[in-house]
Amino acid sequence: MIKENTGLEQKELSHLDAEGRIRMVDTSAKPITVRTAEASGFVKMAPETVAAIRDHRTPKGDPLETARLAGIMAAKRTAELIPLCHPLALSHADLQITLQDDGAQITSTASTSAQTGVEMEALTAVSVAALTLYDMCKAIDRRIEITDIRLERKIGGRSGEWHREKS
Amino acid sequence: MIKENTGLEQKELSHLDAEGRIRMVDTSAKPITVRTAEASGFVKMAPETVAAIRDHRTPKGDPLETARLAGIMAAKRTAELIPLCHPLALSHADLQITLQDDGAQITSTASTSAQTGVEMEALTAVSVAALTLYDMCKAIDRRIEITDIRLERKIGGRSGEWHREKS
Amino acid sequence: MIKENTGLEQKELSHLDAEGRIRMVDTSAKPITVRTAEASGFVKMAPETVAAIRDHRTPKGDPLETARLAGIMAAKRTAELIPLCHPLALSHADLQITLQDDGAQITSTASTSAQTGVEMEALTAVSVAALTLYDMCKAIDRRIEITDIRLERKIGGRSGEWHREKS
Amino acid sequence: MIKENTGLEQKELSHLDAEGRIRMVDTSAKPITVRTAEASGFVKMAPETVAAIRDHRTPKGDPLETARLAGIMAAKRTAELIPLCHPLALSHADLQITLQDDGAQITSTASTSAQTGVEMEALTAVSVAALTLYDMCKAIDRRIEITDIRLERKIGGRSGEWHREKS
Amino acid sequence: MIKENTGLEQKELSHLDAEGRIRMVDTSAKPITVRTAEASGFVKMAPETVAAIRDHRTPKGDPLETARLAGIMAAKRTAELIPLCHPLALSHADLQITLQDDGAQITSTASTSAQTGVEMEALTAVSVAALTLYDMCKAIDRRIEITDIRLERKIGGRSGEWHREKS
Amino acid sequence: MIKENTGLEQKELSHLDAEGRIRMVDTSAKPITVRTAEASGFVKMAPETVAAIRDHRTPKGDPLETARLAGIMAAKRTAELIPLCHPLALSHADLQITLQDDGAQITSTASTSAQTGVEMEALTAVSVAALTLYDMCKAIDRRIEITDIRLERKIGGRSGEWHREKS
């Protein structure tokens, strides 16, 4: 059931070579194409924590903006964090964070013109934005949970467009 | 309902000053104490993906070890990723990853002797280990989800020991 | 005329050894003390540019906050940028940015408990915050100038407290 | 009066979206062109400090070379420091530092083939070279000031060539 | 005797300008071509140390895999370490480590499509993999030596293919 | 024959846990002591290459100084490169490079007050200085070899002083 609208899933883990050793995929022969990826995640908070954030969204400093910036900056450093991820020159990274009564919904977009996709950049942006929200709120709520980090959409490259089925 | 066994939760977001500006907490006056934090998270996978990882846990290369190393290395760089997090000299970081039929359970521990806690280091380790698993498996399963990243336990510092209530 | 209220200036460049080679100062034998440094700088802008920033200080995103965060994050990485600077665990870094009719005044504070001072951290924070303001405004004003980056005050260490004379 | 010889200044801050949120500019659709930027700055020193540097420009170690190297290395890491700056593969970065009786004049050049300009790389190189000079001389002169950091010239991209008017 | 099968060695140090100042080579005018480099090195160990590593090559953790990963990750950060090295987007980096009775033989390959070669990336990968092996074995053998780090082969760019003569 | 003047070598690889998994050693319970390590290495060059370097040791730029600086800066970032290495605040790092007819001899010293030793910092400094020399000379000599990187001496910590036997 893991196939969806592309039908091109591989059977093998791409980061292991024929002898089972960990490897970086060789993208030397791939064409440079425009690629975009979208990801999302949720930071589950107590209502009091959401209220505290809402109270502090002032012109002088919005906790959500700090998390957005942290996510954008982390996207640029994805290849330093994920061992087998290719370095690439991001042409764009963006995050949206919207408060809900039970937490914060985070969505991200990352784009590049490269020989490899930007899924990891989009997912890393969401993860670090979520961690930053945790950091800023942990003094009032240590029970915050980061959940549902996932790829939503992927455009470009050999397999064309893929989007997650609505559940 | 966010208080648990410590009773010392603050009411205010610690990373905002009196005028609502984002700030780094000043720990200059805090004593240096031994601090430990434990965190956990789950990488939800299709059974076929779990099977593919199990097949590749060979002496020459185990995908779970790559994720563990990535998490340990990321823990050391937490203060570069989380804008208001204090740099500190980690004395220990460790991760355990155990495969289950529906994914991989990740737990982490981080320790230091410092003026500030290591919750963010433990949570960052889990997050980056989870992202690395995603990266290694994404060619066979783009629908993997990273969920339930949370602090499990925290020892040391002004508020003593805290552990998450079993739900 | 470079002596002020401490009278303890050295005669030799501390980063050159007896044979004239560049060196890192050896702080192994110095005691750990609390140290603080304050620095400042000014970003000179056209009045129209100041007006554009004022117009955008909305609850959803304040350019000055982005610059403040960039400065705080850069302070933590000072030893990576300045070749002979010692790595240290900052206990605090803060910046204030105030708009004036002809630009933005930036002041910073950095603190640590260490064997060496934090002047470079305070100065790096001001510099990177200023560069970030330049980056955010350069599409409307390429003629912005960054001026008057200087140390204002220094507390702790062998030479005690020093502050810049008012000119 | 901020227009000069290009006439293409925008009216809006490019790093804020329609709703006033901080954003990275999306360069995905821009063509790759050769781009160069030149920047300059001045490190104002007491004559005794300039003399001390002159005395130490020996074959075994020149403080100005250390500053030059620090600037070149920092140019390569600009996108890590400036939150909304695009990562790019610099093809060249260079600095010149010339001593004068009242300080050190720094000029930089940065080049790349990319979808975005290298102004920030040139300005970051000057800033970090200046900070490094401060660091190397601070034991003999804490009153050093870093001034007049500015863009001098910019070639390539949509707006063609721009150069700063002589004042 | 330093010429081999290319005959294109320069006479001058490329990283010094006409006046003897250190410089980064300007690659702006070079064409983008596919480039590959291979390097090797040897970690000389006591037989007992080799035996200890052999004993621990279990499915749960192989010291050689840790060293391989460290080498791959370091290759991606070469331009941060080597002052005058150009940043580039590696399309591939790989290492092989084979145990021998007297130590571990390391070989690496690095590839990119860029205006400059990847020799330094291949050599950095070998060096950091070797240092990581040292780190993992130093508790049982402080006398380990890292030797014979050298370029084996180089493909692409102006000078075409070069390979080291067998000695 | 791997024991020397301390007699305290362990039998087990310290970076593997009881189940054979890679781990970071937990130093939380170790006392903070002053620690120093010395390492060395050799860059084997053709006589013409040594001559070219000698020719360029001018007041305006000495290739050996660039390599020394690169080594010092790399020492500060050792824990980012070596996966299981503890981050620590170096109090000193220094390198000496002396030209010989057949290459360059590099020695390094690193010091800290910490719960763990600085062998890896000293060895990393030598390795990156050697790689930098390679980079600066590779246009005239691709056959340069980096050899004999080893620990010379180690002071402080549980096992007291250790120095390499002269061979």
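Per-chain numbering from 1; labels A, B, C, D, E and F assigned in written order.
Operating definition for what follows: a contact is a pair of C-beta atoms (placed from the backbone, for glycine too) under 8 Å apart; a residue touches a chain by one contact, two chains touch by 3 or more.
Note that this is a predicted model, so its numbers are computed, not measured.
Looking at subunit B and subunit C, the chains that touch each of them are A, F.
Its interface matching that of B-F in over half of the contact pairs by residue number, B-C stands out among B-C, A-B or D-F.
At the interface between subunit D and subunit F, over half of the residue numbers involved are used by both copies, so each side presents largely the same positions. A centroid comparison over C-alpha atoms places D as the chain most distant from subunit B.
Farthest from subunit C in terms of Cα centroid separation is E.
Chain centres here are Cα averages; for subunit E and subunit F they lie 17 Å apart.
Subunit A and subunit E have Cα centroids separated by 32 Å. Subunit F has residues 21-22, 58, 60-61, 65-66, 69, 73, 77, 80, 83-84, 89 in contact with two or more other chains. In terms of inter-chain touching, the protein chains here follow a pattern that is not a line, ring, star or complete graph.
Chain pairs that touch, as defined above: A-B, A-C, A-D, A-E, B-C, B-E, B-F, C-D, C-F, D-E, D-F, E-F. Here subunit F touches subunit D in the complex through residues 57-62, 65-66, 69, 73, going by the rule given at the top. Contacts from subunit D toward subunit E in the complex involve residues 34, 36, 65, 68-69, 72-73, 76-77, 89-94, 111-113.
Those residues of subunit C lying in contact with subunit F across their complex are 21-28, 30, 79-80, 83-84, 86-89, 114-116.
The touching residues of subunit A, counted against subunit B in their complex, run 1-2, 4, 9-16, 19-22, 41, 46, 48-49, 52-53, 56, 58, 60-61, 63, 66, 69-70, 73-74, 77, 80-85, 119-120, 123-124, 127-128, 130-132, 134-151, 154, 162, 164.
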